[in-house]
Amino acid sequence: PAKATKKKVGGARLWMRFDRGGQSELNEWDKNAIIKRAAIPARDLRILGPIFSHSSSILAREKAMVVNLEFIRAIITAEEVLLLDPLRQEVLLFVDQLRQQLPHKSLSKVDGTNAEQDNEGHFPNSGRWLPVPEAVEGLQAELPFEFQVLEIALEVVCTFLDSSVADLERDAYPVLDELAMNVSTKNLEQVRSLKSNLTRLLARVQKVRDEIEHLLDDNEDMAQLYLTRKWIQNQQTETLLGTSVSNSLVSAAPNLRRLNSVRSRSGSLVSNHFNYYDVEDLEMLLEAYFMQLEGTRNKILSVREYIDDTEDYVNIQLDNQRNELIQLQLTLTIASFAVAVETLVAGWFGMNIPCTLNHKHGVFWPFVLCLTVGCIMLFLVILGYARWKKLLGS
Amino acid sequence: PAKATKKKVGGARLWMRFDRGGQSELNEWDKNAIIKRAAIPARDLRILGPIFSHSSSILAREKAMVVNLEFIRAIITAEEVLLLDPLRQEVLLFVDQLRQQLPHKSLSKVDGTNAEQDNEGHFPNSGRWLPVPEAVEGLQAELPFEFQVLEIALEVVCTFLDSSVADLERDAYPVLDELAMNVSTKNLEQVRSLKSNLTRLLARVQKVRDEIEHLLDDNEDMAQLYLTRKWIQNQQTETLLGTSVSNSLVSAAPNLRRLNSVRSRSGSLVSNHFNYYDVEDLEMLLEAYFMQLEGTRNKILSVREYIDDTEDYVNIQLDNQRNELIQLQLTLTIASFAVAVETLVAGWFGMNIPCTLNHKHGVFWPFVLCLTVGCIMLFLVILGYARWKKLLGS
Amino acid sequence: PAKATKKKVGGARLWMRFDRGGQSELNEWDKNAIIKRAAIPARDLRILGPIFSHSSSILAREKAMVVNLEFIRAIITAEEVLLLDPLRQEVLLFVDQLRQQLPHKSLSKVDGTNAEQDNEGHFPNSGRWLPVPEAVEGLQAELPFEFQVLEIALEVVCTFLDSSVADLERDAYPVLDELAMNVSTKNLEQVRSLKSNLTRLLARVQKVRDEIEHLLDDNEDMAQLYLTRKWIQNQQTETLLGTSVSNSLVSAAPNLRRLNSVRSRSGSLVSNHFNYYDVEDLEMLLEAYFMQLEGTRNKILSVREYIDDTEDYVNIQLDNQRNELIQLQLTLTIASFAVAVETLVAGWFGMNIPCTLNHKHGVFWPFVLCLTVGCIMLFLVILGYARWKKLLGS
Amino acid sequence: PAKATKKKVGGARLWMRFDRGGQSELNEWDKNAIIKRAAIPARDLRILGPIFSHSSSILAREKAMVVNLEFIRAIITAEEVLLLDPLRQEVLLFVDQLRQQLPHKSLSKVDGTNAEQDNEGHFPNSGRWLPVPEAVEGLQAELPFEFQVLEIALEVVCTFLDSSVADLERDAYPVLDELAMNVSTKNLEQVRSLKSNLTRLLARVQKVRDEIEHLLDDNEDMAQLYLTRKWIQNQQTETLLGTSVSNSLVSAAPNLRRLNSVRSRSGSLVSNHFNYYDVEDLEMLLEAYFMQLEGTRNKILSVREYIDDTEDYVNIQLDNQRNELIQLQLTLTIASFAVAVETLVAGWFGMNIPCTLNHKHGVFWPFVLCLTVGCIMLFLVILGYARWKKLLGS
Amino acid sequence: PAKATKKKVGGARLWMRFDRGGQSELNEWDKNAIIKRAAIPARDLRILGPIFSHSSSILAREKAMVVNLEFIRAIITAEEVLLLDPLRQEVLLFVDQLRQQLPHKSLSKVDGTNAEQDNEGHFPNSGRWLPVPEAVEGLQAELPFEFQVLEIALEVVCTFLDSSVADLERDAYPVLDELAMNVSTKNLEQVRSLKSNLTRLLARVQKVRDEIEHLLDDNEDMAQLYLTRKWIQNQQTETLLGTSVSNSLVSAAPNLRRLNSVRSRSGSLVSNHFNYYDVEDLEMLLEAYFMQLEGTRNKILSVREYIDDTEDYVNIQLDNQRNELIQLQLTLTIASFAVAVETLVAGWFGMNIPCTLNHKHGVFWPFVLCLTVGCIMLFLVILGYARWKKLLGS
């Protein structure tokens, strides 16, 4: 059936696999291989597919965490990370970070000298999940493997979004100030594309933020993300019950789940302790990134607010300028009217109809003067009327 | 009374019936027949009626699920699907999918070879509900019949909505860019009808999305949807209590419901196990489609955002163009005014009133030149004033 | 003191009383009579008063339900309905429905032939509240008296609102399309009054909808509405405790309430059964009308959306038309300017100042031609400039 | 230290004290006197201070209720009311109501004849809190002293807000209709100040409404407001425990609080009864005023909606009028252009350049006629073009 | 490794340390020193870093409270306050307040004379956490050290925000009223920068407000903030269990946390008492500042509302003024048209084409008069038409 599978699925995709020690390898796996490896339902793989390319989600499954944060699409289990499309430009940064931090951390356990690293030194400790108090040593709670990876992913994504927003901010303010100074089609086009970018970026930040908020709101979901813990609990349960589980952990999963639920209801001290202790760890982790995203989002919102204010300003400014244009035009119209009236009078005397003035010498200049004074009077009267009506300003 | 019923109800409607094996048959049933068959209150049938034609809902009843998703109106029980108006254009796709996937799935159990199918292979297993761990085999949790049908319905509806949105997007962007280039009544009309379509489509997507979110928020409602499980629990309860139930399951329903509620309070291990296990299945199913609808909705919202941005752009652009028009008009008004003044002066000398210049030869051209230079000066002075007032741009 | 009461209260109001059998009688009762009859606090009567005439509420009290839905103001107890202002136009429909359906239902139990009625046949059964399973017979859960009345009230109100919305829709679309075609003060006035109507209608629909949603959200409130059940429980409790209650049920109410609360904490099987069973009945009833109101509300919202879109359209359309007007005006201004310039030149030669051309014969027509060609060139140059500036379109 | 206190605090403020019997006295108390009297933390006194003058809140403290509703600032204990600034204009109404209703009610217990009073007759009964069923007599639940005062305060505040809104409504509609008829600076100014008033009034109504909603949402907070009940419970607890409490109730408060919390966890019948019973009383009281405020708020919102609609109307109306103005102007521009062209032609023949027509007799009138007809043709052609372009209407 | 640390971390920052007695000292600590001192995860220090400079948060950690309120960034433990950047202008006020109030309070316990201080006298009492009732003495609940500091921080921040808002209000109203009087680019610029300030200030107030609301909504989070109580509980637990804890409290923290969670589930009287008692204290503290911030926020919102109203006013006002300008222009256009017509007629008779009037004497003035009367008639006719069309007002 393997052959048939290959044919049907066709598009095997490129995955990169990281283990706990930071060792990575590239593989082409098809859908079913992944499903078997991570023990997730086929439906969840769709979430990593192209339909959800602009969506963000962190899903907790029985033995894996399906992470789709912006460009990072990965399946994280207690043992390894499966990273989709690892060669994309943006993902490479994530790969680098994984390579840098994961082995570093495993080593740190050995020599213990680089505890002073700048990035929150997490010391993975595969043995710490034994429920003995002695395992806890050192000031800082150490994160299990899956959360180390999750933190790196969140770090990379938040940094990426933050720098995108910084780019946007750097572009936005000059463009907007230029628009406020001078409205032109070019500036308007720039602001329009700025708004599109902003809306898109806001949607992306919001999606990541909402997903984290959603997790923070639901303790049960967070507890589901403790893959390492769940794995150890399953191990213990098996020993406890003395059942001969098949050596494949995967096929036993559903059973264990049931047993877990039973046990969790019996409210034993052990499971309670575990539940309480570690959701707090994850909560603190997510809270920090939630706050960072919240800050990023606020920056975008304040840019949007600035755009709105600028548009309001431009609208009123354009309206005001138009009124001033029309006011000047009106003044000219009044003057033109006075001139037209005088032209009319001049026209009268240009007619070839005999008139008593036709032969009077010396009246020309006085006549023209009177006419002109009359017209200026007309102009001033109408202008005064307009000012009295408050239509023309000071 | 059967005869009387027919007469009274009149509008018997066309239903298509699918059983677990994918066998379908067309029937004309009236209201009461359906009520008896599915054991739902008459009120619920109204939800499938024309009043709610644009509404979406998934209701859990004692022995059936009333599904009204866009064009798909069906009553799903643990045994069969009753599909209303199966011959409508859009519904045919659903019928096809049901035919393809339901038998396929039942067969899959027999030969087991097509487990690698691309659509999430669900293996209906009528015997799996016995609470023995051996029943669970294979990587993937298999869905009971009612959820298989629900998933197909959601799949069909989501695909339909997605393609509607894709159509809308394909139409929208050219129209909007054209409007941004050139405002005309035709373009405005197109954008207006685009907005109507968008609003309508958004309302439809939102309704389906809200209904799924509503279900996801309420574990009790989700548990109510496990029809097959409820049926098996009832069976067990009857055996347990040793009561001689009537051979009609339907009439015994109310009793069982009470017993269930009693039992569920007693918090026995069995029912707890059931509750916990399967709500997760349904949650995962609904979550996936919720995310897809969320993505669809976001696409629509971003189109709407784009429309709003374009309208803002067009508004400012029109305002700005108007100001530029008025600026050119103002320039011309100034020039016209200068010309009018010169015409007036020419008019003076056209009067039939004797003037000293009348007989001076050789002054014509110098006079005209001076006059014209004077007018051009006048033009430039007023223009300069307008520019100084920032009314005319560079 | 009865006399004093009458005097003080003054405004005794007209009430119509329906009992379980659908028998009705008109009475003038004053405030205190009603308070005694329904055992509600005096404060609740204010809710049926004129202050709350545009509000909607369904309040659960010890022995009565105070219903204020749009025009229907009634107090429903387990035994009877007291309907305020039964002679108002809109209320008459409700009275008719009560008359038709209440006796019908009581009769239906006797002959059982009209079970096929189109409106959800409810069979009131005063004896069914005995907690014996035999009492439940027939497919459909039968509603107690208070919910039958509530359903009729909701039915009447929803139908009324629905038809109001249909009226609104029928009026709105032609008016809006006419506005889009031709903006005039008359059309604007019509749209303005349309918006007022819409806002008012939306507020009314929203109020009823919110009240139902509020009830649906709170199981405790819904349980409080089961008046018949509460009455029977009280009866049983009395028998159980063997206390010699006074023959006035009313005065014993507070005691019983306390006992109930005690009993409900003791979590006995009987009360649990009751609680669970019947809240579902009411939930299903309210859910159906909630969905209908939601649909009605969506219709109004889509009309509002259409109004907004039309106004946006009209705004841009008016702006665009204005620009086109100004463009034509600008073209004419350019032409007028060219004409003015030519007129000026003609004016020069009309001056009575001797010029060399004055006596040249045969130059008239060539001169005029050259002048005209020059002016047309001037016109075309300025027009070309305006087009180059994109101020005048193709 | 008393002397030092006086000096330090300085601003002793005027308080009015009402006891259960409605007896009032005016006192000047400083901060510490009040803190000791009401056993509230000093911080709460700030809430009654000038910073919160436009805020509304009802706070439950150990032995007192701090009420800050609009102008009414009072501290209510189980024994007395301390009312701040009792001589302010608006507060006097509250004082009057307290005087009228408090003694009235205490008397009513004595003669029992005025039970038919119009305002919800509450019968304070200091002895009723003994947990014996005999204490409950009469149809209507009687409110403890603190709720009687609270109800009067709410009544006064709601009435005040309601009448303010009625004033606003009376002013608003004529002003808005006038604005719709005729836009002028005066009308616009009036609408602007109307909007300020509305916003301010809405904020005040909203604050009171939100505070009540907040209380209604939290049963624990409501239970805290039962001061009389808490006092009696404390008394009983002391007797029960047989502890020799100090004769100062105040100093024992913290202890009692602890005991209460212990007792409330032990879930004894007595406390459960108390809790359940009386929160309902308060809930009913607050619900009624919440609905009244909701109605008041809806009135304001509908005024605001009307303002928005009117502004939309005015905006489109002004735009439309402008277009019509420009259309008429355009028509005149076209006519002027035609006249200008004819004037130009006349100007040609007015030139002193010899022309063949100069000496032809009898051609004058035909020539003028032809010219005029030509110009009218020109006018009609351009007008036709404008109409064809839909720029000039019918 | 200390050396390596210094190098790596580099930027050691300036901290000010306050102990319970109000003694302060300045220190330069690097990241790790702080982490060790306050037992917080390194991630939390980022919250005090520059990225979150405009964010506000109060985080509860095992043994410390991380406070980032506007400019105040501090880590508060049960023993001391670590204040970042204590020399910034705004922070100095906070330092002053800490110096004034902290020692004051410790002294107050000794002499007891200054209990009448104006600011809510808190008496830190390190011994009061022993669960003996005798420890509670005095009317007012005394706050533990961490809440005293928190209250001072909130006080300083609220006062600062309040005065910022007061500044904004003082600036805003004159600017807006000036804009309403006279629209000019300068005024528009001022309003635009006013809006930016307002938006920024609103965001800051909102952040502090939201953080407090968030805390108030979650009792568990509030309980986590009781550092002193948690410390004492840990002490007791250790004694209770008789475990030999290491003499470093810090390293034992995780153990204790577990024990706490175990103990808190066991629901012992002691812990219940503690939980209930003190969350109320903090709730009352936060509630007061929440109300103050709510008031501050409402002030900002009402300024924003006023800006919006003013902009609406200005928009309509500008539109209206423009219409009036165009109306006057139209009147002039009509008059100009009449003049142009008369000029045309005069032009006819100025043509050098023989006409019968050419030699008629005495007709000049009558002819001009008739012509002028005709033109005035023409003017009045067109004006009348415009008025009839409602285009020109009274």
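Structural remarks
Labels for the chains are A, B, C, D and E, by order of writing; each one numbers its residues from 1.
Please note the rule applied: a residue touches a chain if its C-beta (ideal position, glycine included) is under 8 Å from a C-beta of that chain, and two chains touch if they have at least 3 such contacts.
Just so we're clear, the structure is a prediction, and the values are computed from it rather than from any experiment.
In terms of the stated touch criterion, chain B and chain C have no partners in common.
At the interface between chain C and chain D, under half of the residue numbers involved are used by both copies, so each side presents largely different positions. Least-squares overlay of CA atoms from chain A onto chain E yields a rotation of 70° to the nearest 5.
Centres computed as Cα averages put chain C at a distance of 24 Å from chain D.
Chain A and chain C have centres, each the mean of its CA atoms, that are 38 Å apart. Counting partners per residue, chain E has 185, 315, 319, 322, 326, 329, 333, 336, 340, 343, 347, 350-352, 355, 390 as the residues that reach two or more other chains.
Taken chain by chain, the contacts form a single closed ring in which each chain touches exactly two others.
Chain B contributes residues 113, 115-118, 120-121, 133, 136-137, 139-141, 180, 267, 269, 272-273, 276-277, 284-285, 287-288, 291-292, 294-295, 298, 302, 305-306, 309-310, 312-313, 315-317, 319-320, 322-323, 326-327, 329-330, 333-334, 336-337, 340-341, 343-344, 347-348, 350-356, 382, 386, 389-391, 393 to its touches with chain A in the complex. Contacts from chain A toward chain B in the complex involve residues 1, 4-5, 8-9, 32, 35-36, 39, 41-44, 46-47, 51-52, 54-55, 57, 59, 182-185, 188-189, 191-192, 195-196, 199-200, 203, 250-251, 254-255, 257-258, 261-262, 265, 311, 314-315, 318-319, 321-322, 324-326, 328-329, 332-333, 335-336, 339-340, 342-343, 346-347, 349-352, 355, 357-361, 363-365, 367-368.
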